[in-house]
Amino acid sequence: MELWYTEKQTPNHGITSKIKRTLHHEQTEFQKLDIIETEQFGNMMVLDGMVMTTDQDEFVYHEMITHIAMNTHPNPRNVLVVGGGDGGAIREVLRYPSVEKAVLAEIDGKVIEAAQNYFPKIAGSLTDARVDIQVTDGIQYIAENKNKFDVILVDSTEPIGPAIGLFQKPFYEGIAEALKEDGIMVAQTESPWFNRDLIRQVFQDISQVFPITRLYTASIPTYPSGLWSFTIGSKKYDPLKVDEEKLISPLGTRYYHPGIHRSVFQLPIFVQELLTGKGE
Amino acid sequence: MELWYTEKQTPNHGITSKIKRTLHHEQTEFQKLDIIETEQFGNMMVLDGMVMTTDQDEFVYHEMITHIAMNTHPNPRNVLVVGGGDGGAIREVLRYPSVEKAVLAEIDGKVIEAAQNYFPKIAGSLTDARVDIQVTDGIQYIAENKNKFDVILVDSTEPIGPAIGLFQKPFYEGIAEALKEDGIMVAQTESPWFNRDLIRQVFQDISQVFPITRLYTASIPTYPSGLWSFTIGSKKYDPLKVDEEKLISPLGTRYYHPGIHRSVFQLPIFVQELLTGKGE
Amino acid sequence: MELWYTEKQTPNHGITSKIKRTLHHEQTEFQKLDIIETEQFGNMMVLDGMVMTTDQDEFVYHEMITHIAMNTHPNPRNVLVVGGGDGGAIREVLRYPSVEKAVLAEIDGKVIEAAQNYFPKIAGSLTDARVDIQVTDGIQYIAENKNKFDVILVDSTEPIGPAIGLFQKPFYEGIAEALKEDGIMVAQTESPWFNRDLIRQVFQDISQVFPITRLYTASIPTYPSGLWSFTIGSKKYDPLKVDEEKLISPLGTRYYHPGIHRSVFQLPIFVQELLTGKGE
Amino acid sequence: MELWYTEKQTPNHGITSKIKRTLHHEQTEFQKLDIIETEQFGNMMVLDGMVMTTDQDEFVYHEMITHIAMNTHPNPRNVLVVGGGDGGAIREVLRYPSVEKAVLAEIDGKVIEAAQNYFPKIAGSLTDARVDIQVTDGIQYIAENKNKFDVILVDSTEPIGPAIGLFQKPFYEGIAEALKEDGIMVAQTESPWFNRDLIRQVFQDISQVFPITRLYTASIPTYPSGLWSFTIGSKKYDPLKVDEEKLISPLGTRYYHPGIHRSVFQLPIFVQELLTGKGE
């Protein structure tokens, strides 16, 4: 049987991957949730028809949304992950001995359940004693928890459906208030090939809220274009000015190491240009 | 009409792209050559069913196979491109004022013709007076031209069909002889996700021929996994030891700039590990 | 290169066919017109993303829309084909020596041109001296030509876009007026699997206009479900009451012969039932 | 999520159908067995990558492999189905009150189990007291049961894998011996569009074993080309010479009725010609 999962990542382009079988299908309160077993990437979680994570390449996304900010902050104790119900970002956060509390504010409890059932290596850390799982709207959680966090990671789905509000300026303002005075945030901000307007807008919005704003990228095969961007907003610490000698080498990573901490900010020209709108 | 080009980049995974129309189909002496017009990436050249280049993302590959080596060599005058019949690498080579002669040794003249017809922005430099087009077997050309080149770029197709010999140690030995005593070579060496054994083997082979061997990567959306590797073999100059102040900023590039010259060598751990076989 | 044409014949099901190349792409005044060369069915004409005809199986449709009515009428001299710009129905009409004039009323002249360029075996008869090509709206042509035709064939595209009016009752009333007092019409009426409501409606409409109404089917691989229906409206002659001895054996057919003239009206129960709405 | 099942029914053409989920995947002793839930056709059983049956259109195949032979024999009491593990042919056989015993000789018990789990409407009759299920090689069963059956239905998979022997002359000779002196057999014999050589060969083989040999067709949307053939071999009774008055109207059918008993033998010319090889 030739059974292929096809994601049209844009109206005109996509990936297609041979599947062994479907493992789970559910219409949650917020989105369509599918788990499929692929030949190439192992188990794959798909939300509203878009790949969220896979066994094989999840480490890239989860490490890269986490370590740049965590390793830039000198002493992250309280960390919040907005979204990220699969638990991968939390797993990476917990690699820092300084962490006392890691809150997961995920709106869709079914995503957490599915991750625990089908992605034990990703979701395994959710049972750690330092983890506080809040099944709630991240925007609301932010509003209710001011001046509390050292690091906030916005590990959202695409900017459609439940995650729309997570790509808008008022949300970043809320994050700034939820962060302590030397806090730092990072958000996944889509593909530099396919989402140029969005990246530019988010960068501008975050720039207006945070004194230090930085964009960096990582290569993720199952995400649109294979190249993904992350945007940092920081009140005090600049990831480019960290003392490389003092960077932690988190144990168990497969992508991040201190050597790439600054190099990932060396953007190709076409990515630099999207921030200014030049060449569009 | 829904007409989609699908490339199975591995037996179990691939890309699918909506096409407007087919522009050209030809069985050359060496391979199947197709030109199709896609909605997402513009014109696309496909050899034996594998995407070689597209209007939209060609600049990444052509800049990144060229500028690291060219900018590492202090004074590249004679340059050879093996393969690369589309002319993109030659275009980038000619951005260096020091270049006196750029030889293109492409085995399949039909690729050159098709590029000139359907990719004028890529192939346009092939009419430059400094360019010497040799429609010939690159291996043989190498054998007949010893001690001649400052830089040699191996811009081959995948290691099947006409390009198999270009991924084998005797070829790198021939390149070493064709290079001058301070010459430098670079080869495209496939995906760190899907071709780990190949990359490791090529890296080992080149290491045995050249005193300095380095691997770097770039993000190319239409290539398998979106992440591509290049391997450098150098007799004298180390790309990591160049004086950043002296690096040229080639005019007209959209990916390469001196700022990334060293950062592209900062490999993710899983790429580092493939060189040693660790974690396989 | 794996290049496949995919037609979603319904939102949830379709055919996919390997193509050699695209031959023609055009946005006409009325519709999108594509000609592609497939491996399985030879050249294929696609209008607005739906297969209209192919080299390999065109004979089924063209013979079956034509011969039942033509062979039921004892002496068809003036024949009108509404739509049918590829010329296939005209070719079949001309197999009857009694025919003096065959009018083709096709709204889209580009379809005729494309058929003449890419389907010479189908369109070849359009140059016959008895053929009168009218590039015009069939509905208007019907309105202006009353009491003129012995047989009218409605060889339309799907009931979306330019052909919508050809599936509505006022059109059948117009046809009745354009036919002579013993005239007979036939219309292609889609798939008994996928278009049950449409077939029932058209059958009822034609029943209210013509004293004799009959449905029959034929097997066409490239049409949705592979089973296609045709509906006859007749003023006088009943295809089921023809004297089988007097039926003509048209020369050159590959599907129709007098032996199937009546058997095609022996409908499977599930097709019978769609006419009454039973079992829906 | 866009998840589509694609069957390449030939190397160059196929169907593609949107699926809700996979229900079952199993490598049995004999073949790969998949059950998927499709949007268009409901549950679908796929053996070695080929659609065997679906909820929506199964009735066509099961009725048409059964009723022509059953209704041609004046008094079928002992019936054998070779293959047919889904139980659909048995269900149809049991519509005849004359039937005393219906043996199912299916080589792959897993097919029977899967049908009982996922296709209760098809497999439901397998628990009837008249049914004798033999999980065994049909060829061997035939060899061991001579002069026993009034009707034998060969409800095989495609002529690759476990079913190869069921398309060869020695098997038909065995069937002739397993039948009583007035017995009748029928075999499914693939598509008149895509399997012309096979149909011709099987027809010739059966003609050399049985005095009366007849080919008929039915329309099945999920089978290659949508048109399917069946070949009858009969020792005494000719389906074309039955007294239409005496035909039984089996209760509950949705395709077959006495009115089509003879009309299905009225073959299109291109099907007639494949029997003689003319026009190939």
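Chains: A, B, C and D, in written order; residue numbering restarts at 1 for each.
Everything that follows uses one rule, which is that contacts are C-beta pairs under 8 Å (C-beta built on N, C-alpha and C of every residue); 3 or more make two chains touch, one makes a residue touch a chain.
These figures come from a predicted structure and were not determined experimentally.
Contacts with chain B and chain C are shared by no chain at all.
Both chain A and chain D derive from one sequence, and where they touch, over half of the residue numbers involved are common to the two copies. Chain geometry summary: the mean Cα position of chain A and that of chain B are 32 Å apart.
If each chain is reduced to the centroid of its CA atoms, chain A and chain C end up 56 Å from each other.
Chain contacts: chain A has residues 6 touching two or more partner chains. Chain-to-chain contact here is organised cyclically: the chains close a single ring, every chain touching exactly two others. Chains touching one another form the pairs A-B, A-D, B-C, C-D.
Those residues of chain D that touch chain A in the shared complex are 1-8, 19-22, 25, 32, 34, 36, 46, 49. Taken together, the chain C residues at the contact with chain D in this complex read 6, 10-18, 38-41, 57, 59-60, 193, 217, 219-221, 225-227, 253-257, 259-260, 262-264, 266-270, 273, 279.
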